[in-house]
Each structure stands twice: as structure tokens, then as C-alpha cells.
Amino acid sequence: MKATTASAALILGLGLALAGCAGGAPAATGRSASPGSLEGSITVFAAASLKGTFTELADGFEAEHPGTTVELNFAGSSDLVTQITEGAPADVFASADTKNMAKVTEAALADGDPVDFATNTLEIVVPPGNPAGIERFADLARDDAKVVVCALAVPCGAATSTVETATGVDIAPVSEESSVTDVLGKVASGEADAGLVYVTDVIAAGDAVEGIAFDESGEAVNTYPIAALRDSASPEVARAFVAFVASAAGRRVLADAGFGAP
Amino acid sequence: MTLQFEARVGERGFDLSFQVAPGETVAVLGPNGAGKSTLLNLVAGLLRPDAGRATLGGEVLFDTAAGAFAAPHIRGISMLAQDALLFPHLSVLENVAFGPRSAGVRAAAARSAARDWLAEVDALELADRRPAELSGGQAQRIAVARALASEPRLLLLDEPMAALDVSVAPAMRRMLRRVLADRAAIVVTHDILDAFTLADRVIVLDGGAIVDGGVTAQVLERPRIRFTAGLAGLNLLTGVRTAGGLVGDDGVELRGAAAEPVAVGARAAASVRPSAVEVSLLEPDGTRNRMRGTVRDLEPRGDLVRVRTEVLSADVTPARAAELDLAAGTPVWLAFPETALSVYSAG
Amino acid sequence: MRTGLGGIPRWVAAIAAVGALFVLLPLAAMTTRVNWAEFLPLITSESSVAALLLSLRTSLAATALCVLLGVPMALVLARARFRGQRILRALVLLPLVLPPVVGGIALLYTFGRRGLIGQGLEVLGVSIAFSTTAVVLAQTFVALPFLVLSLEGALRTVGTRYEAVGATLGASPTTVLRRVTLPLVLPALLSGAVLSFARALGEFGATLTFAGSLQGTTRTLPLEIYLQRETSPDTAVALSLVLVVVAVVVVGFAHREGAGAHLSAGLRS
């Protein structure tokens, strides 16, 4: 009997230990900001397409406010929403579309109203040298063109569908990817003749691909909102970061990367 | 269907040649590691020699000089090992029918032939059993039937009785005697009873070479080398023939009858059964043959103790051994009557 | 059947229980999130059914390919002896430890439009990327080592003595393979095939990178689940449950107690 009790205690102990590890609060100790000096550490959950810009913005913020630390976590917007609603320790959320931000606000997890800080439009992307000779949006519907797009369920896919409807051009893609990265990858490697991604992605990809702008892109504009989160341990720092992103300085960084004004 | 065989395998120190005449059964005797299994594997084609040539009925089995090597399955040579190795996933009947079916015989005809062979080995009633349900003796019987069913030109048996119960071995031996009667076969064995029962001729192997050979009775009852004598359980003395018997190489005169004509003055050998030798501490009286020796060791064998000296072995009762207080190093006299010495040519 | 610990210490059993819980709890947790009211409509939707059927078709094809290629490979690795054999064996088992995405990239560089072999195939008019063939290739790539491993182990255990007997009875190497070797390792072959099937069914990374994702052509069940996460977590969970059930049924069927027991009993190596 004694051995069985010990075994049961062992299992319980392990279980509690695991539970203890999970719900750890962020290491930050949020102190109320003394005027002019912010201190604390925040974790920012940002959509994958914001990787370059937000890394730069985080550095800028830390430089302006020594004593603060900004940790970044990049992933697909819906993945981030899932993590946040399941209790992941996030202080700020920057989404690639308003739909995903709405899930956070509806769950009453946001601290205040979200702020729109950037917009993004689509651009055609082709392998260097444009082997299939794509020139216009309508060319994407060509039988001999292998076109890769985002799946409908992701923001860039929704935008693609909107443009298709608006222009009446029906693309028959060979693949509908779950992320922009995958679309870019297939185009850059030459597997696909063309793809549809964001303007910012084309700039970020540099020489790996060529971009072809098209007029009808204005039909589908993705708005990027950012919000501080309610359960933050450093609410002052979180709100300050949000403000920084939406400020003129922030917008300059975003514009350099190809984002449009909100 | 004569087998001519010569081969060399360097890494095993194996180098020998021999023949098997049509219908002849040859026993191969020797200690472990002598090369007996190597020999069988070379004949069967499961091992390649470094050099050599072998033919069966004129057809080449292997010829290293010509770069020829016949695969095992076309040699027409079946092998039977200590373990029956019946295919576990087939029934007894299907096992026996395996050989004929591999040769292209249709299933029904193969099964019918299988039944005949099972009857031949007195195992017909086991036809529908699975190998896992058989005893060791039964399995070995089936294995014989299976080996014979493929109509081999030469049959190889590797210590067929070694894994069998002492009570089952005799029946198996009798059956083998019957089926090997007119068949060319090579039987590898430790047991000279097998050699006597089954073989026309005997080959003795040691260290990968043939050290003795000849008609079974000849080799085993009149051994010419210490080794074969040991196998046959006989004492061996060598020397020169005298009118009355033999004078040993150590100069000791021994009296005994000749088992075969040997010229006086010619090299001769003589055998003495250990059971005929008596051990004593003092020189025995009378006219018996006698020799001095020092006890090397004592080996209990059933109801007797075998006393081994550097010259002869003697079987004594345990009581006698105790009475004489025999131990390693004890100097003793060994005596045996004239009638126990059998003199023959040293070959 | 007599139950009991069979002589193992209690603390070992306790740790084993923790290990089992570690695997089972996440599955149970997932089951609690299933929207049972919507379950049937969710898994019978057009995209769900298309994904499931595609997964089953491609996994079966991949398994068949694994058997066709894997049996000879296992035979060579277990029986033949040649220089570099150990290195070859390690390389052949590489897909086991390689991240599937890496496998997908490697396949792309081989069979893609600009790939080593793909280039030549393009000229002949054969295009592999973005096709169902690509899915089968990706699944075969990751699942093959399972079959080879299972079978090679069994071949070594069975040993060559039965094959030698078969040869001396007059059976050609092909007949020996057909009537002696393969029947003796059949249980291992079957369980290896089942493992390969299960692995192929769950394959994701290589498929995503190499084959792409298009309903009915390349969007297998794992890819469909990955996509549904974005819009309908309920569908994702429901489909995940379907995948788990299929896997459990398949694997459970192959590892029935007593399967092949009579063969092991009769084997004396």
C-alpha cells in the first residue's frame, strides 16, 4: 500500500510541477512609470508580415526608453489569436487584418480600442527574369501559367478573392498556401510562374523575386490594427509601444518597408 | 554418380581431397573444428573454397581454376542438419513436397510423392501436422523424408542423431540404415556407432586434413594413428613385428596374435581394449604383457573408471581405483593377456 | 489472461503510467473541445471529405510503393555484404530523423521544375510538383524507413538457415524468397506496412513544401486541418479527431495479439 501511495504522489507531483511551469507570469515587474522614464519588459505578438518593420521598431523603442525590453513573437495572425485566447503571456497584439483583431476584442482581451497603423495591398510576384512573361492581373488566369496564391482562410487569400471578384478574373491556382512565406518560396524557387503576395513581402524578398504592380490592387486593402492587451503585466509600457508604432516615427519605418498609411 | 572432391579454404586451414563412389556411404569423423561442417558446406555449395575442384557424376560443382561455381539449388545435393529446420509456416506434407515442387512437379503429384516418402520413414500419420507440434525425433524423420523427396544425387547428413534423445536415436539409426543402403551419402558424426551402422567407408579429419581413412571396420577396429584409436576407444601401440608379437618403439616386448599377415621386421601397430588392461602397483606375476606407466588422470565412465597413463588406458572398477589409491602421478604397472593384443600392419 | 505487473517494480509502473498519460491526456483534451453538435456536418463537408479521401488514396499508394521498394532494400541490407553497407544503411534511414520540411525541400530540388531529375521530366512534359504524384512521393519518402527497419530486423532474426535448406532442396533464389523468406517475415512485413501507412497518413511538412495545397489534388487531411485552423477551429479539431481514430484503428488492427504467434513458436533460429 505504501508503495502505491508513493506512486500516486509521484504522479500528482509531476502533474503539479508541469502545471506550475505553464501559467508562469511574464518575468516583468511592472512598476508604475515615474514621469519621463519607463521601465519594464513586454512581449509583442505580431503578424509574420511585420517581422522586419517591428524588429526595427522594437530597437527604436528600446533606444528611446532605456530600461524597457521588447520581446517579439511572429506568427500567422490566427495562430497568435489562438495563443492569446488560450492564455499565452502577451502584452501587445499587432494583427494582419481586422477580422483577427476582432476575435481578441470580442473576447474582451484588449486594453482599450485597437489602433489602425498601416495598410497593405497585393502585388504580383514572379521569379527573377519573369519566365512566363506575366504582365497584367488578367495574365494570372492563363492556362499555361502556374499560379500560387494564399488560401481563402488567410488574410492575403481573402484579399486575393476580393480582387478576383472585383475584376472578374478567375485564377485557377495550382496551390493555395496557408502562409505568404510559402507562396513566396514557391515563386522564388521557380516552381511557380507567379503568385500574389503583399507589396511589403515583395520588398522584403529583395532580389529573390520580381514584383509587378497592378491597378486593381486598390480593390482589396488590408488594414493592420494594433492593441495593448488587458492582462499585460506592464500596461504602461504596452500602451507606450502602441503609441510609438502609430506615431510619425513609426509610420516612417513602415512606409519604408512598403506599407501604406492607415 | 561419383563425387570427386578437392578443396582448400585458407582461413580455416582446410585442405583435402576425397571421393565417394556410387551408392557408397562415407562417414566423416573428427573432433570439433576439424573441418567436418566446412566439408559438407563446400560440397553443398553453401561455402566457396579458395581453390579446388569438385565434380558429381562428371558435372562440375565448382572449379576455381575455371571460375566455375554451381549454385546450391542446381547441384542435386540435399543436406540434413542436426536441427530438422522444417519450414514452420508449412505443414509436414508441404515440407516434404517442397523439393519436388521446386523442381516443377505439379502440386498434386508432389503431395503424392511426399506421402510415399513419409511412409518410407514411418511418419505418414504426421502428414497434416505443423512442425511446431512435432517432437525432435519426429521432426528429424520428416527432415529425412524431405531431403530424400527431392531425389538428390548425393545426400549429406551433419550429425543427424546429435540432437535426439538417447531413446529415440536407435530407431532413427535403423531407418537411416535402410534408406542409405543404396545411396551415395556423406555422414558427419562424432559417434562411431553411427559410422559402424551406416557407413561403408570412414574418413578421419583433424585440423582440416584427412589423417586416416578406409573401410569402416578396418579403420575403427585396427586404428593406425593415436587419434583414430582415441575415437574408437582403443589403446594403440606401434612398433616392429616380431615372431611372437610386437616390439614397441620403447623396446618393450609384447606377445599377441596377428589379426592380419604382417612380415616380421615390418612396421606394425597393435590395439588393446581398455577393458582388458589391469592396473597394479607392483609388477604383476605371470606371463601377461606388462608395461610401466604414470597415471595422468581418472575419468569416471558409468560403472567403470578409465585410468589414463601416457602409454595405455585401462578401465577399472571404482573400488579397485580406490583400493590402489590412484591419483595423477602414481606410478603403476599395466598388464593385459596375450589374447587382448591384436597386431596388424602399420599401413 | 492473468493480469499483474509481471515482476516489474511498482515505481517503474508508476513512471510508465505518467508516460502513458503524457500521450493520452492531449488526445483527451482535444476530445473535450470537439463541437459535438456540429461534428457530423463539419466532417462531411465537401472540403473535409475531399481531404479524407485524398489522404486515404495517397497513403495507400505510398504504402504500396514502400512495400515494393522496401522489401528489396531490407533484403539487401540484411543479407548482402559489401563495402559501404553501413553508411548506406544510415543514409537510407535518414528520413526518419530529418525534419519532414527538409525532406520536402530535398524532394523539390530533385523533382521540382528546376530539379535534378525534374528538369529532364519537364522536357518530356511530365510535371510532378503540385500534383497528387508529388504527395505520394513525399509520403513514401518519409514512410519508407519504417518498413525497411521492421523488415530488416526480422530478416536478421530469422537468419539464413531456412533459406540454405530451401536451396539444397533445389529451390531457386526466387522460389526461396517467395516460399521461404517472405512467409517467415510476413508478420514484420505487415506491421511495417501498417506503420508506413500511418506515417504517410500523418505526413505534413514534406507534402506542404513539395506538393503544395489544393483541394482534391494535394490538400491531404493534415493540410486541411492546418488550413481550417485559420477560420474554423471547430472543423480543425473535428478533423483531427477523425485522423486520430483512423490511425488508432489501423495500428490497432495490425498489432493484434496473437498475430503471427504460430510462426514465432515454430521458428528455431
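The first chain written gets the first letter, and so on, giving A, B and C; residue counts start at 1 in each chain.
Following the convention adopted for this analysis, a contact is a pair of C-beta atoms (placed from the backbone, for glycine too) under 8 Å apart; a residue touches a chain by one contact, two chains touch by 3 or more.
Bear in mind the structure is a predicted one, so any value in this text is a computation, not a measurement.
Undergrad: With chain centres set to the mean of the C-alpha atoms, which chain is at the far end from chain C?
TA: Looking at centroid distances, B is the chain farthest away.
Undergrad: What chain is most central when centres are computed from CA atoms?
TA: Taking the mean of C-alpha atoms per chain, the most central one is C.
Undergrad: How many angstrom lie between the centres of chain A and chain C, each centre taken as the mean Cα position?
TA: It comes to 35 Å between the two C-alpha centres.
Undergrad: Just curious, how far off is chain B from chain A if you go by their C-alpha centres, in Å?
TA: Between these chains, centre-to-centre, one finds 86 Å.
Undergrad: Can you give the whole-Å distance between the Cα centres of chain B and chain C?
TA: The computed centroid separation for chain B versus chain C comes out at 54 Å.
Undergrad: On chain B, where are the residues touching two or more other chains?
TA: Nothing qualifies.
Undergrad: Residue numbers of chain B touching chain C in their complex, please.
TA: 44-46, 71-79, 81, 83, 85, 87-89, 98-99, 102-103, 130-132, 146-147, 150, 156
Undergrad: For a test of understanding, state which residues of chain C touch chain A in their complex under the given definition.
TA: Those in contact with chain A are residues 10-11, 13-15, 17-18, 21, 108, 112-114, 129-130, 208-209, 211-215, 218-219, 223, 226-231, 233.
Undergrad: Can you name the residues of chain C that touch chain B in the complex?
TA: Residue list for chain C touching chain B: 161-162, 164-173, 175-176, 179-180, 183-184, 186, 262-263, 265-268.
Undergrad: So in the complex, the part of chain A that touches chain C is made up of which residues?
TA: Residue positions touching the partner: 3-4, 6-8, 10-11, 14, 76, 78-79, 82, 146, 148, 151, 153-154, 173-178, 182, 185-186, 189-191.
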